[in-house]
Every structure is written in structure tokens, then in C-alpha cells.
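In what comes next, subunit A is part of two complexes: it sits with subunit B in the first one and with subunit C in the second one.
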Partner chain A sequence: MTSLLEQPGYDEEKLQMVAEQLLCREDQAGLLLSLMGQPQQYCYPSIFIYGHQASGKSHVMHVMLKELELPHAIISCVECVSSSLLFELVLFSFFGSEASSLLPRSPSLSDFVRIYRQQCLQAPATQTRYIVMEKAELLRDADANLLPALLRLQELDNVSVILLSEISWDKFRPNTGCFEPLLLHFPDYSKGDLHQILSQDSHPKYSDDFYSSYINILLGVFYTVCRDLRELRHLVRHTHTHTVKETDTHKLWRNIEPHLKKAMQTVYLREVSSVQWEQMQQMEEKEAGALRGLSAHTHVELPYYSKFLLVAAYLASYNPARTDRRFFLKHHGKIKKTNFLKKNEKTSNHLLGPKPFPLDRLLAIFYSVVDSRVAPTASIFSQISSLVTLQLLTQVSHDDQLDAPKYKCAVSLDFICAISRTVNFEIVKYLYDFL
Partner chain B sequence: MSTTSVSKGCFVFKPNAKKKRSLTAEDYFTGCSGRAENSKVRFGICQNLWDRIKSETEALQDELNRNVLDSLLDLARKCSSTHRSSDWASKMRASEIPTAALVLGVNVPDHDMTFQSLSELLQQSVTPHVASVQANECATLKHLMKKVLEKLTGAVVDEEDDDEEETEQMSAQLHRSAHCSFSTLCDWYNTKTRKSSSGTPGKKRSSPSKDEPPRPPVVIIFKDLEAFNPKVLQNFILICSLYIERLPLMFIFGIATSPSTVQHMLPHSVSSLLCIELFQSLSCTQHLATVIDKLILTPQFPFKLNAKVMQVLISIFLYHDFSVRNFIKGVQLALLEHFHSRPLSVLCCEKKEAVQNLLQLSHQDLERVRQLPSFKRYVEELDRQEQVSLSSDDGHLKDVCLKLIKKLHKYHKNYYPVLRCLHTLTCSLPRYPLGKQIRELHLICLESNVWESEDYQSALKLLKMLAKDELISLLQKCAEILQAVKSKKMKRAFVQLEELLDKFKQLDTAETVSSVEEIVTSPVRNLQKKTDLFQLQKTLLEMNESRRSKRLSPFEVLRNEALEFIEGLVKNHLFPPESQTLYEVCYYSSSATVRRHLNATPRTSVQAALSSPYYYIQNDKLKAEDGSVSNAAPDICIAYKLHLECGRLINLYDWLEAYSTVVSAAEGKDPDSEDFGKVDEVKHARFIRAVSELEFLGFIKSTKQKTDHVARLTWGGC
Partner chain C sequence: MSKRKVKDSHLPVGECITEVQSILRERLCCNLHPDKPEEIEAQHKHLLELLKRTVIHGESNSVLIVAPRGAGKTMLLKCVLRDLLQEKEAEKSLLQVHLNGLLQTDDRIALKEITRQLHLENVVGDKVFGSFAENLAFLLEALKKGDRSSSRPVLFILDEFDLFAHHKNQTLLYNLFDVAQSAQAPIAVVGLTCRLDVLELLEKRVKSRFSHRQIHLLSTLTFCQYVQRVQTQLSLPENFPDKKFGQEWNKSITTLCKDASVEEVLRRHFNTSKDFRSMHALLMLCLSRVSVSKPVLKPADVLEASKLRFADAKGNMLHGLSILELCLIIAMKHLNDVYEDEPFNLQMVHNEFKKFLQRKSNSMYNFEQPVIMKAFEHLQQLELIRPVDSSTAKIQKEYQLMRLMLNHSQIMEALQKYPQCPTDVKQWAKSAFA
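Up next, the complex of A and B:
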């Protein structure tokens, strides 16, 4: 195992420690280490590592840099709401707080470069410094000059930038061109890898063999739907309680299978939080299934007119405007559906999704749908905007109220059916798709 | 005003602050009515009543939310403790941020009060670090971070004055570096906890087992989750999860619709960082029911709403906003209006006070009493002599009024318990003939004599079909209601009801004995021998007769007795308030005012102003037959009227021509002359102004579809 991680200039023991922690990532770690060279040697200016979620990118970098005690700055790009924060963090971790306080109020890239140079003169790098950027895909939204500059930061000093991302480099390349980083791919863990990793953090109560066979069963159930290590770990944690009662490996399967199936429906989808799941396990035999997941609560209580506004919005979104006459006029004459059909309307409107409609149309349908006479009061209009904030409607056009705003209805058919049932309105009769 | 400046320009002069004595609410109240006589007293009563109502509703709100808030506090406490405990399961869970999803219903403005008391409670008992953020102040991630940091650190400055210098320094530092990051927050938190633990050395010595300083959780409340930008929220949660090990964070999501919105807003990769627990608050309809129960259906508050006003307030609640706060605001408005506009409302207070106020009524006020419709009705029924003395003798009138006021109070005292009794009896009947909620029954009773309505009859019929145990349990509930009332009549009623219930109980024992004796020789046996047709007919008729007048079972007799008793109560006490003399003193009846204020129709009023300016300007010249506008009306009215005749696109030039024709006619020019209807500069300018005013009001907008055209934004014509 250690043969993979051999590099002169580093302590044997430390390398050993690193190798132990980087299960199933020895190849990648070895490659990285050989790229990095000895501590004082220059590394490749920028390395781009990509791979799916939970394929060990950050873990490898964290462990290597920490254990080998190399000067480094690990920065998550989500956190850097502005580039100034990024500069500050980098300067802080390399040169301490005095350096970062030198930055002006809203620093530009050149300020950063200037101060970095200044500090380098005072404290030149004896070892290669590493800047690790996690979730590097967010750098694309930052200033246009940031990413190209980071890629060639080595021109300042002995420093390397390592970008970690879930998407490939092709999606990054700025159109002005830039220094190409070295690409490194972390493949997904295989089933065997997953088994090996999950068996590692075994519960102190069980023997390793027993735990490993338990993991094996669990993987058998979940591997087809989920290969994310983090999620699998989450599942392992929340299903292990059942194994407590069992000691015989052969009986294990029969006993925990139903629990695993239940977990697949609830824990995996985070329908039920971990605490609730644990409570459920405890009271289980008495009243299982009493807990309902998050998505079971879809019922929304709305004021009477809001319900009708929503119904009207749904009708306006899913019916072609031409058919309004047929649905809402008393003496519309007999118009058959075939007369309406245009070529592109043969597909169901429900498959195409909601269409935007102007406010006028919404109100016109609303007034014809509500059975009583409704005054156009201010609260009717404020109900429309509160439906927008509740995300039951979405405003399509810009915010200008004068300029005939357009909306879309953002609720599902089931939802609107439930709503219209409470006000005794048969919505299906008014939907063009169900004629 | 002059300046010392030599250059030309605009200068701002701030008005002198002490120029005007600012008016208090009382001044407004007394000033406008013009008569200062008793308006001060009225204001006092009104203020007093409102304070009582307010404190009552606040207490009620706290009471209703207690359960949810308590469990939330428990969660917060638990989350602070699990961060320290080291058992296997909690270590495994440590990376998740504990989150409470608090479902509050769609009446978003009402939530403020809940969150207010929640954060107060949290600060009192769990943690000083509470920040609540709203969506409209956090459009971007940067703003959100800034808000959270400001609220957390800023709250500390307010709280502890002794180490102000340091925190000020801290906040100065925060402001210096324009970006705020969570690492600064972590540092702040660490110094804070360390300081607070070292700040109480005595405490520490007493409990040496605690080697770690207490780490109260940092609670962040998202008041309106739906309104947040999902992207911002996702990133914020991602950042928080990076710091969860250093900072014991906890979230509270205020959800207006349904918990599934969390899943709509957050992708799985983000929601997997949260450990969400669900909390459901009381539904707003239940909340309203309790508020009505405590505020309206009680003799405690002398101020009452009549049926129409109640109807308006309830329909605003049910149809428009589901907001209990608005309902209470409506009650407040009615209260203010009542005391402001009715001089006689001085009598609308507790009995003792009312008696006192009554004795101090001026002649003018007594004259007003004589004018009251209910009083007139009362007078008409009296004999001639009494009528004369009432209309001339102020002292006698006062005596009579005293009696009447007392009677009114008694009426209220008896009305509500009987109403509740009737409600308990009818609320579980099939198809709810008298309404499911007590407010519906109350409305029926306010409007008319309830016993005359068809629904009441059908409800009684259904009651007559009740089984014994059901009836007894209902009557027992009624007895409980009556027992609590301190009024002679109700006490008597309670005793009667108890007697009835006793009889029901005795039935159980008596029934077994009586059923044996019931074997009567049936006339059918007599038919065995041969009979002629006449005889047969006769016997059949007899049989029929006897079946009809078949003796009722003792239970049925008793049941009828009980129902008669209830009906007697209803007929004696549940007549509508309009039948009471002097009811105007306590009942606010102007539903139109309430509706106009609470459910405004800005659009209709703008249209009314434009199409009939007479009502607004009060100029007789502008009076015109309906549908048309006088040509002397303001320019904008004329332009509006003309634009109604157009289609969706309006040709500006045609519009101008029409306008100038109308205006020229108003100037009294000869229609046959040369320059009649000709557009001169003034008219042109006036027209342009009118058009731009219409644009400002949102009736038209400029369009690029056609040159020299504007688009109409309203539809429909004249």
C-alpha cells in the first residue's frame, strides 16, 4: 500500500498515515504526490480535479495537506460572496492577519497581487504553498479576470492552485483563453470500494465481520438507487439500530429487509429527519407509520377568494386563450373540440407546462368563475401578489404593475383539484385537456 | 428665507421642529367632533376598552401558541446539548443543522407577533443569539450574511453595556471590512462564550465538573421561507454547514403554505444537510373562533357589533386574508368610530360607570336619547301621561334610562349563556342547520328571532330524534355552561335543568318496571269472529285513532319537556338586540364605514371620481344626468370620458380633436363659427396634461405598436 505513496522529501510515517486515511484513493493520491514533488520543489501551476459528488476530492486534499504539514489555504467558493473575501482568506492563511488587514476596502485583483508580492519579499516561500478552491464552478460567476489570474498565480511565487469541481474543465474555459491547468479525474467509488469504506467506521458493539456483512446487505438494497457515499453513510447510521438485536449473520437479512425498504422511502429522501427516524424506531412496534414525511403535508389553507384566484390562474395557464369563450360564455354556441384543434395543440397542455397569461385574463376568468358578485377591492389585488410570494403563482414579466403584468400558475393538477373541491368547483369540466 | 450663498441653486430648509405642538390622539378625538362636552369621557372609555381588548388578545395569542413554542424551545435546548454529548448516534448526526419547519398558515402579516414572542422566549430561556431575517431585506447572499451578522452581533451591543467598547471595536471592524464572513462570526462567538463563562467565576467554581463553557445555539429565523430566493438560501445553508462544527447553528423556517415547499426550494444535496422537524401551529380559523369566543361572545365588554358589521368583518377574514390581526384591527376601527361619532356612547361602559355617566348627561344628550328609534318605539307603547313626562321631564327620563340600561346589561348577561347552550345542542346535528361555528348562530340570533327561522325548526326536529344518552350528555354540557353564570335567571334555569337531568336518570330504573305493564289487549283479537264491512271499517278506524294517540313512552315525554324548556330559554333570552330599548348605545351598526375602510376599492373610487366629479368637487354646475359628463368638468374627466369610447388603441390626434370640441363648447363659443373646436396651444397643453395624468393613474400607456397611438389598459366602455 505504501509503495504507492513514496516521495522523497516527506516523512515516511506521515506518508503512512496519509495512506491509511485515503482508502481506495491511493492511485489518485500517489499521482498528486508525484505532481507536487518535494516540498520545496515547484509544483505544476494549477491542477484541476473533477469528479462526482462524494468521490473524495476534498478529503484527499485535506488529508494530504494537513498530514504532510504543507502551507495551504482551503477555500470554499460558496463562502466567498465577493472576491475580496477570497483575497483576505488567502492572505490570512499564508501571512497572518496583518497582511489581510493591508487590503483596501474593496480590493481589486491588482491590490491582491501587490500585497502578495510585498509579503513574499518579507517571507519567501520555502515550501510550495497550495491554494485549494472547493466548488470551483462558482468561480465562473465571479469577476472575469479572477479565474485566469488564479491559474497562473505561480508567476508570483512558489504557489500552486488546486481547483476542485464536480463539472469538467470544458465548461470552465473562458472564451478569452487562459493557462490550461492539469486535469485530474476522480472516478466514482466502485461497489467494493464503498463496502470497504463503509465497513471502516464500524459500531464499537459489533465484530468487524458482522458489520461488514451488514454493510453488504445494505449495499445490496441501496446500491441500485444511490451510489453517493455520503447518502449511504447516512442510511447506514439510521438503519443500524435494528442490527442491535441480531448477532447471527444469517438471520440478519430476514430481519432487517423490511426496515431497509422503509428507510428507502423515508430516510433516503429525507422525508423524515434523522431525529424523527430515531424516535420512530423507538416507539415502532406500537404505532409504526404514524409519522408522515414532509411531502405528505401538501394541504394549504387559503382564503375563499384566493382559492378562486388560483383556480382562475390555473385555467388561464392551461387553457388556450381562444377557448375561454367556450368555457365562460353562456351562449357560446356549439363548438366542438375538433374545430379548435390546431396542429401544435394536439399534445396535452399539461405536458407542455403552464403558459403565461396577463392579469386581465386572470381577473376576467375569476369574475366568471366566482358565483357571487365581487367588488374589485384592493385586497383582491393584494391576494394576487401574496399568491406570488407564496410561490403558487409566478410573475413572468418584470415588476412594473402598469405594464400589464403576466403570471404563470405554479401548482400541480392534484393540488388545484383538491383546492377546487373545497369550494365545490368542478375544475375538470373547465379544462380544455379533459374535454 | 434667505441664504448666505452667492451662487444660485436649490437649498433645503428644514422646518423648525418646535413650530407646532404635535397633536395627541386625544386631541384628534375631541377636536374633530366639535363638541367637547363628553368627548373626553368617551375617549377615556374607548382607550380603556381598547387596552383591555388588546391585552386580552395578546394573552390569548400567547396561550394558543404555547404548545408550539414550547416544543420549539425544547428543540433548541436539545440542539445545544447534543453538540456536546459524545454518543455514537449524535456524533453521526453532528454534521446536520437542526432545523424547525414552523407551519403558520397563509396569513403572513400575523406571523410577526408569533416570531416576536418566539425570539423573546428564546432569548430569555435558551440563547442570547437570535437573528430573524426577512426575505425582502436579503435579496442576495451578501445581504443575507450581512443581516445575520448585524443582528447577531448588534443584539449583543444592546444587551451588555459594560463591555461596549470591545463590541464596538468589533462592529467597527465589521464595518471596515465591507464583507462579513462566517469566520468572523465564529471568532465573535468564541470570544463571547469564553467571556461569559469567565465572567461568572463564582458559578464556575461551584460546578467544577463542567470544564467546557456553555455553548448556547445560534438561532437564525427565516420568517418567510417562500419569499426567499432559493439560490441564496441554498448557498447560505451550504456555508453554514461548513461551520456547523465550530458554531452550533440552528434554523427556524417560517412556512406559510405547506412543508413540502422545503423540498421544492432546496435540492437534495442541500436539504440533506438539514435535520428538519415539523411544527404545526393552530389553524387560523380556530384562532378566530377563540378570539370571537373571548372578545365578542362575552358580556365582559360592553361594546358590541351588530349583525352587519360582524358579517363584514368575518367575510373579510374568510374571503380575503385569513388574518386574525386584521379582524382585531377591524374591531378597533369599529370601536373608535362608535365612540367618536356617537355622543351617547358615553353610556357604553360597565354598569356602575354607565350609571354615573347617565346622571351627568346634559339636556342636549337627553334630547338625543329621545330621538333614538328604539326609545321612540318604547315611548309609543306607553300611556299618554308617561309619554308627556318622558318628553318634558329630564329627571324622569334619567330614571327611566337607568332602568333601561340595567335591563340591557341583564339581557347581555343572559344572552350569551343561552346562545352557548343552544350551540352545544345544535352544533353536532347532521348537516348543521344552525351552523357549525357558534359565530354563525350568533349572527342568526343578531338578525332576527331565531325561533321563527326554518333552520331552527328543523334543528328542533332533529333534536327530537336524539337518542337518550346523546341528549343527556348534551344537556349536561348545557348545565355546565349555565352553572358558571352569575345571574338569577340563569341560576333558576340551571336548577330546572338539573331536575330534568335527575328525571332522566330515574327513568333508567323506572323503565324496567313500567314496560311489563304495557301489555294491552289489542283490538285485532276482536276481529276473529265474522264481521260485516261496516264493523270492520269501524274497528280499523278505532285502531288508527288509538295508534295516533298512542301513549308516549316516559322518555319521550321527558325529552319533549326538556326541549320545551330549552325553547323557553331561547324565546326568553335570544331575541335580537334591536328589540332592546337603547341598544344603539352599545351596538355599532355602520357596516358601510367598516367596509369602506377595511376593504377599500381604490379602482372604483377613482372611476367614480372621474366619471362623476360632482360628488368630489361639490360644484352644482358639474351635476349632469347619469352617464354623461358636463363639459365644464376638469380636463382629466373629459379625457377619461372620451377615452372610454375607444378601443384598445387610441389615436391621440382624434382624441385631441374630440377633446377640443368639448372644451370649446364649454367656453360658450358659437358652434358654427370658424375656429370652433380648433386646437390652440393652451388647449393642447391642457390635453397633454390630462393624458399624462391618465397614464399616471394607469388607464393608458404608450405603445410602440402604432405611431401616435396609446394603448388602453382597462376594458369596457361607457
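Up next, the complex of A and C:
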């Protein structure tokens, strides 16, 4: 393995700068640089780099290409919604705005290659040019010829295409094959690596030691769930305000860990912003245990009857129709336990998901659960359609004209429990799965 | 750079390495055509004769070069063209049109490109043509009417030929073959393709106009020849600036290729693919390990390079999953075992995972549903699990049916390689494999 600093043809100071910024990625960067070779030498036509999110693929490429001042175009496939944007960006980065303005409206690959070739005649590459495609997996959705053509762009001039992706190459290969790129893997950061990188952006308020042990605790809580550096950094930024008051490393552990566990439900899922998170933490000191319920989806306000409609829809979706009599008929007689066969797990409806039901069944259940508290009107129907609009109900089989419309309930058990609590209805008693 | 006087020049090691890298990289990375193509003399001669007939005698012709990817179709053609242009007549009058199925994605674009490559844009101007054939005929006619009175031979090269067969009505192919067959103008059509079944793609009227000449580059390469090839590809030319270094390098390559462990590696590669391109990829990885501090290729380098080439991508990705994600995969594996590979949804997986948790007292893995959901989505994003049908719009995420894209041994291997895998998780996984 040639080390990063040892590559001839590059300025040593610049290499030093690169090495400083690529903590824990020295091996990968070294290998990459040795594949790229000296600036004026040829690099392999295409290189495919894969690895998990935030394993530093983009970071390494950006730092290397920028610090070493190599001619490059960095293209995010998310932003390049059409290939004409891609062509424009590549031509612009290598040859300036005159070249990119030569492109006709809605240019084809043929136009791009023609102009690229023309420009290369005027300005042949003295150094290898690099085209970096970020999130390359999106190229699969683009024009089928684009990826195979990019992979062999080097037939034009000294240019290499570097694809970055979190999906392995096997899922890219077109049916009739194509030029195979060199595959490089960026392994995930170990816990130690993550600690080292996260400790780098230490806050001036804290001592290094203190910050480091804070990171340690945070990793202890989150490492089993998430190894994504970007996510972890987000968590560090959004939770460290709480540590201000603590200065003693030993106390830190006891005090901070429960908070971090709560952060898992909120900050990690991006349901609250850091400001909200702070407010929550302050509130908590006054009234403990108000955390739950802040979750965004419990904040839906519905009209009274809509709530019952939704409850009825939930029951219709998750109970077998044959059990309706037993649950909703006033005088169904004694419940015979033997009527209920031993339930095989596979038949539990809360595993299989909601079943569609016809409108009349919904209404029957609705009138029975809502008791005599309601006067049935046409407004019921408009409430149903607004539930559909809110995507709390989904309509299925509407293309089948002969059939009456069928619906499915599209809310979770937690949600429906919360809803039925507000109307004093104990839904669990009416669910077949929980009998 | 090799302008330097050859005799008694002795360069510092750094410069030698730079030179080695430049020479070998050009060979391995860009499609430089060799002076004399190896092992395909017969095909070379055949194609050259054919094209000469068009150039010199004005005979029209069509031919397909069929070979797997990276076997040297383009290289063969380039070598033939180079030799063809040695002929005075060819140099003087031959016109070339290079089309590529990847670039000229429909016949309109192709025609524009033909016009451009024949330098007839001005002649055509704003003329409107009734049909494709009319347009093509006009182009060929325009070539005649130029300053020269006799018609000039045109060589049409269609790389990725099979893609042209997908164009609407195969208009371009039909017209080119038609012109070639009816000898309206001296043209040669050379198609390059990696599809052995290419003729089946052609419509009947197109097929009947094609000469049915095919040149195959099917290699009957033996392992000995393969090793020989590796050696030639890595060897430095005679005129290497530092003679002594060059000789030593070549000697070291000879010993390298005789090494038993290297031979084993090469045999493995030989058995997976024999073409030049995958060999070049391997050698490129070897070459990248040559540096000033280590100016030779050692067997260890070849081994390392081969390890990179054969890296297990899925295993690599599984290595980076979080424990929660790994647990979900094990749960899926259990479900697959119980229900005989029926698709599953998140609820079932979560339920299976809960069963594992119930057996344990500590709550280390007790996660809320949304956290599990996020992990599940991540697995989907990595395409380790895949929805059964893609019309996802109307189904809640937790009930979307999925399939696991990993097999038994892949999971098993991943578990073994997983860093610090908790023993209880390992045991749980094992219970599925019993």
C-alpha cells in the first residue's frame, strides 16, 4: 500500500493538507490517488466507489480534487434532473461558458460528445480530467444509454468518470453489459473512527476531555441503531446544549444518558428541531414525562363523528367480517370461547395489514359504535371523503365500476388508540387480535 | 519523453517509475491499439481485404464483427483502418463515418451526424426530404458531385450495432444495407456488436439485404497463452530510457509470472473471464502498488489486487449495517425459513424481532416502532430488501410486502465477519440455520 503522502507528481504541501482533512480515510484516499496516478498520466476510464451513507465518499473526492487542483466536474445526480443539465455542467467545468452555450436545446448524447470532442481538439487535456457523479444509483433511472456512455468517455480524451453510490455495482449492470469500472469499497467507520472524527469539531465551551467523553456516551446510545456519521453529527449538534450545565465528566453519564435515549425518538427521527428539543428539555424539568405525545402525528384534529368513522374503519379493516355480529350486536348471547380457534400468528391482522371493506359494513359498525348519539345524514359521506383526502382512509378497487367502493384504514394502532381515547371508546376491547 | 538518448543513460529511480507508470497506464487504460494485434491475424487479414475491395475496386460490402465485450472488436477495426490508410488510394479518397449506438439513439440524430461527418451540412442547407432514403441518396450523390467526378468510397462504422436494431423500423440499417447491396455507391458497412444473436434482431427485409458476412473473435485461449499475455502487457519496451532498469523490470516480471501463488490467482481470473479488459483491470490494480519506495511488482501485489477484484460487494455492505439493521435481517431470515420464502412486511419482521427480545431480560434493543421503521427504510434504500410490487402508493409502509435479496450463505458470512457481534444475536441467528 503506497501511503497518501508518497505519491510523486503532486505538491507535498498539498498532499499534507489533504491527509489532514481525511481522517480515518487515509488508506482509501491513498489507493485512490495511486490509481489516479500523476496528473498527466492516464487514470482508469471509470472507477465505481461504493459504501454506506456518510462513509466519506464525497468528502474524499471533494478534498482531493480541490486541494490538488485537478480539473474536475462534480455532479450530483439528484440535482441533474435532466441529462442536458449534466452535459452543460461538464462542458462548463472543463471548457467554460462558451462551450456549454454551444449545446442545442434538449441536447442528445450525440451532441454532447460532438462538442466535447471539438473542445478537446482546441484544449487537449494536459492533466486527467475527472467527472464525479454523486448518488450514481439515480443514473439507472435516466436514459439507458447514459451510464454505458459515461463509463467509456475516455475514448474521447484523458478523462475519468468516478461514480459514487451506496449500492453495489451488481445492481447497475445493464443487460447487454458495458465497460466495467474498477470497484472500490469505502468501509464503514468503526466506533473508534467515529469518535475520532466527531471529537474533531469540539466546541470551544468545553474541554477536549469533556467533549470526548460526551461523544462516547452518545455513541454508546446510538451506535447500535445508527452508524451514519452525518446523522450522529446532527445528534451531537442538537443535543449538546443540554450538557452546558454539566462540567463534571462523572456526573455527565448519569445525567445525560436518559436525555439521549429520548432524543432517539425525536431528534433522530427529525420530528423536532433543536429549538423544540431545548424547550422540551426545559419543560421536562418542571413537569416530568410530558415528552410523549409530541410526536407529530398525534396532533391531528378531527371532527367528532369523523373520529368515530375512523374508529369504525379501523375495526372493519382489522376484524374479520364474521366476528362483527359478536362485537356489535347488542344481544349476541354469551361469548363462546370455543368459537374462537386458536389463532395462528400468520392470521393476525395486525401483522398482515388492513383488509378492504365495503361502505355498508363501515356504516353498520359506525352506527353501532357511535351508539344512538348520532343523527345519520349525508354529511357522513362528505366526512368519509375528507378522511380519504387526509389519507387516513384509502379507497381501493375504484376502477371496478360494478363493485361498490371499498376502503382501507391507513392509520397505525397507536394513532387509533389515541383517537379513540379522545372520544372515550375503548377500541382494544373490540379488536379481534387482542381478545 | 523517450527522446532522451538511449545509450548509457541512467535515470534516478523516481523518473524510472514515472516512466513505467506512463507507459503501462497508456497500455492498460486507454484503448491504444498495438502495432501488431496478437492472435487475430486471420480476422485482421480478412477485414482488411474486404475493405480494400471497397476502396480500390469500388465494391460495396457489409460485415459484422461479433465478439464478447472487451475482446478487441474496436481494436481490430482500428488496426485495420490504420493499415488501410497506408494505401495511397485509401488515404486520398476514403471517407469515414463513425456512429455509435450509444450516442446516435435514433435515426434522425444518426442522419444529422452522418451529414456532419461527411461535411455536407452546407450542401444540405434547409432542404426538406420526403424520406430517409431520399436524404441518404442525396448525401451519397452530393459526394459524387464534389470537385471529384468519380464517387468516393464511404466507410460506415456502426459500433454497438445491436442498438441500431432498436430504432424505429430499422430505417438506417435498411437503407445502408440497401445501398450496399444494390451498389448504388461504393460503401462498406461495418457493424460491431457483442450480441451473438444479433441477426435475430434484424427485420426480415433488413436481414435479406445484409451480406451475412460475420467475423468472430471467439478466443480459444489456453492458460499458458493467458499468462504469456499478462507478461507481455506488463513488460517494458526495448527503447525504455534506462536500459538497465528496463531489463531488470522485465526480468522481475518474468519471475513474477512463474510464481506459484501468482499462477493460482491468474488461473482463477482466467476461469472467470479471458478477455483483455478484465485482465487490464487486474493489472491496473497491481500497477497502482508500484511506487518509488517499492519499484518492483511482487506476488503479494498481485494477491492484493486480486482480492480487490473479487471483493464481495454485498458482504462489504452488510459489514456496515447497525446491529438493529442486522437483527432485522436475521428476523427476515427466520420468517423466510418458517413461511418458505413468502414475502413479509415490517410488522411481521418486528413481531419476529420482539419474540427474540422477549427471551432476554435487558432492554438494550427495545426500540420504538418509528426507529425500527427508519432502519427498515434504510435496508430498502440499500436494496437489500425489495418491495414485491412497486405500486406502493396506497399501502401503509409497515404493510408493504417485501422480499429479502440475500441468501443463506451471504447472511451467514456477514454474521461471521460482523465486528463485535453480540453473542445473543449470533445465537439467535444460528437457531435459524439449524
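To be clear about the criterion, the second predicted complex is superposed on the first by the 273 of 435 C-alpha atoms of A that agree within 3 Å, B and C clash if a C-alpha of one lies under 4 Å from a C-alpha of the other, contacts with A are read in each partner's own complex, and residues count from 1 in each chain.
By definition in this document, contacts are C-beta pairs under 8 Å (C-beta built on N, C-alpha and C of every residue); 3 or more make two chains touch, one makes a residue touch a chain.
Keep in mind it's a predicted model, so treat the numbers as computed, not measured.
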Check the residue A:K14 against both partner chains and state whether it touches subunit B (first), subunit C (second), both, or neither.
neither
Partner touching more residues of subunit A, subunit B vs subunit C, is chain C
Have a look at where A:T389 lands relative to subunit B and subunit C in the superposition and call it first, second, both or neither.
first
Looking at the overlay, does A:K262 come into contact with subunit B only (first), subunit C only (second), both, or neither?
neither
For A:H59, using the defined touch cut-off, is the partner it touches subunit B, subunit C, both, or neither? Pick first, second, both or neither.
neither
Overlap of the subunit B and subunit C footprints on subunit A, residue-wise?
269, 295
Interfacial residue positions of subunit A with respect to subunit B in the complex:
53, 76, 78-79, 81-82, 84-85, 88-89, 105-106, 203-204, 230-231, 234, 237, 269-270, 273-276, 278, 294-295, 297-306, 360, 375-380, 383, 386, 389-392, 401-404
Note: in the complex, subunit C contacts subunit A through residues 14, 17-18, 21-22, 25-26, 28-31, 69-70, 101-105, 109, 112-113, 116, 162-163, 194-195, 277-278, 281, 284-285, 288-289, 291-294, 308-309, 311, 313-314, 316-317, 319-324, 339, 345, 347-348, 351, 364-365, 367-371, 374-375, 381-383, 394-396, 398-399, 419
Of all residues in subunit B, those that touch subunit A in their complex
88-89, 92-93, 96, 98-99, 101, 103, 105-106, 108, 135, 140-142, 145, 176-179, 181-183, 224, 226-227, 235, 238-239, 242, 256-264, 268-269, 271-272, 274-278, 283-285, 316-322, 599-604, 698, 701, 713, 715
Can you tell me which positions in subunit A touch subunit C when the two form their complex?
1-2, 6-9, 31, 34-35, 37-38, 40-45, 50-52, 55, 108-110, 113-114, 143, 145, 148-149, 154-155, 158, 166-171, 176-180, 182-185, 187-188, 190, 223-227, 264-265, 268-269, 295, 345-346, 350-354, 394, 396, 408, 410, 412, 414
